[in-house]
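In the two complexes below, subunit A is the common chain; its partner is subunit B in one and subunit C in the other.
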Partner chain A sequence: MINILPGIESTSAALQAERVRMAVASQNIAHANTTRGIDGKPYQRQSVVFESVMAKTEASFNGVSPQKVQVSRIEKDTSGPRMIYNPSHPDADNAGMVAMPNINIHQEMADMIVSSRAYEANLAVVRNARSMALQTLNIGKR
Partner chain B sequence: MSAGMRPAALPMSPQDMIAKIIPGDELEKLSSSVLQSGAAMPPSLSPVSGAAAGTGFDGFLGHMVSEVSAKQADAGAAMREVMSGGAMPLHQAMIAVEEASVSFQLMVEVRNRLLESYQELMRMQV
Partner chain C sequence: MIDAIFNQPTYQTARAMMDVTALRFEAISSNLANVETPNYKRLDVSPAFESALKDAISSGEPNRLIGMRPSLEIDSRATANARDGNSVTLEDELMAMNQTTLEHQLETQAISSSLLKLRMAITGRAA
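Coming up: the complex of A and B.
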């Protein structure tokens, strides 16, 4: 296969990883008020850990094969729940306190902005790779 | 839906186009006659003396066309999977489409250069 867009493999992997991070952030935002998760306890914030892997390609920069980024694992934030006083809530304990998920919506919004900016940056790489290829093809035009 | 129907949204690959214009057996005859005429030439005049058929410039061109065709088929399959709600992420489909389009433009550029040099030769005064 001819490699027409330079470095597209790692960019594509990074886009995929950022999509996963976005999905996890949106899941955290969606569960900001979930007092009963699948295990019966309040939902716990999840965060994404990225890792780099060797790309399976014959293309290399001076013998060094390019590295791709991928999501290695999605970890649970094990910090304690946020306790709020709401005696009318069905999940309130005897003291009227409700255990809410350990999610700070502002932090999630900031994470989402970081993720979307990183996605944008990778898209800019794709755009530039494309315009480099097209400009190279313009050598032939007269 | 009949099995032979092709979705209208999918672009036709160059090989399909050629196959549509020239029926399969005709194409076979045509290419074999081209090869024979090449073999009939004296060795000094044949474009690829000593090289096996298909490894010369014609082989290279054919390889390029089939590569571009494969890229377009990949892009079509990726887009189809996105549209049918498959596991294919959108950016990968878009990158596949972009690669197909750029490599197609590369092929067109090579064709333009070839044609240009041919016309240059035809304009030559003798």
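Coming up: the complex of A and C.
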């Protein structure tokens, strides 16, 4: 297949990866108050790890080739739960302390904004690649 | 023999530059894709190639441009940030991308106008 949009391979991979990150951030926010997960313990924060992989393009025949990005794994944050005092909570221990998930909403919101900005940047690449391809197709026309 | 009519310096130069522009765009899209990847190092068209292209263009011999193949390399001038070792700056990349798109526009127009002049020379009619 001809590669009519330059660099589109890494961009589409990045869009997918950013979507995964957004999904994980929204999952964390949704579970900010889940004291009893499927394993009976408080929910643990999850984070996405990105890695780059070589993209196969014509450019790779000499020099460094462009790189795609992909989600290599989704890690659990193993830091301890946030303890709050709430004796009336059904999951409170004998001292009245409840183990809440180790999630900081502000951090998740910041991550989400970074993720959506990166998504926008990649969409801008798609727009520019498209306009470049259209111009190339118009060579020789008036 | 027919090759000779496509050997004008403007046409050959614009063609060679368009290859570079397309490759630079690929580098920029790779950089923007990896804007959040730890330890990713920014790519760009190799400076050695850029200076070789400049020499070839200023020499005024279009034939020197034909065999030139641009290549990418890790941009050694970009500094990695301390947080995650990534050397991509979002703003710089977006600026470079828009500049590359405009350069591409310039090159397509240069090619179109040089083809248009050829057509004018062949048919004797303007446009």
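The rule is simple: the second predicted complex is superposed on the first by the 133 of 142 C-alpha atoms of A that agree within 3 Å, B and C clash if a C-alpha of one lies under 4 Å from a C-alpha of the other, contacts with A are read in each partner's own complex, and residues count from 1 in each chain.
The rule is short, and it goes like this: contacts are C-beta pairs under 8 Å (C-beta built on N, C-alpha and C of every residue); 3 or more make two chains touch, one makes a residue touch a chain.
Bear in mind that the values here come from a model prediction, so they are computed numbers and not experimental data.
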| item | value |
| --- | --- |
| Overlay on subunit A: subunit C relative to subunit B, clash or fit | fit |
| Which of subunit B and subunit C A:G140 touches, first, second, both or neither | both |
| Touching partner for A:I8 - first (subunit B), second (subunit C), both, neither | both |
| Inter-chain angle, subunit B to subunit C through the CA centre of subunit A, in degrees rounded to a multiple of 10 | 50 |
| First, second, both or neither for A:R130, with subunit B first and subunit C second | first |
| Which of subunit B and subunit C A:P66 touches, first, second, both or neither | second |
| Broader residue contact with subunit A after superposition on the shared chain, subunit B or subunit C | C |
| Which superposed partner A:R19 touches (first subunit B, second subunit C, both, neither) | first |
| Minimum distance between Cα atoms of subunit B and subunit C in the superposition (Å) | 8 |
| Intersection of subunit A interface sets (partners subunit B, subunit C) | 8, 11, 140 |
| Subunit A partner contacts - residues on subunit C that touch it in the complex | 22-23, 25-30, 32-38, 40, 43, 46, 69, 71-74, 90, 93-94, 97-98, 100-101, 104-105, 108, 111-112, 115-116, 127 |
| Subunit A - residues contacting subunit B, complex | 1-2, 4-5, 8, 11-12, 15-16, 19, 123, 126, 130, 133-134, 137, 140 |
| Contacting residues of subunit A [partner subunit C, same complex] | 6-8, 10-11, 13-14, 18, 21, 50-52, 55, 57, 59, 62-69, 114-115, 117-118, 121-122, 124-125, 128-129, 131-132, 135-136, 138-142 |
| Touching residues on subunit B, where the partner in the complex is subunit A | 67, 70-71, 89, 91-92, 95, 98-99, 102-103, 105-106, 109, 112-113 |
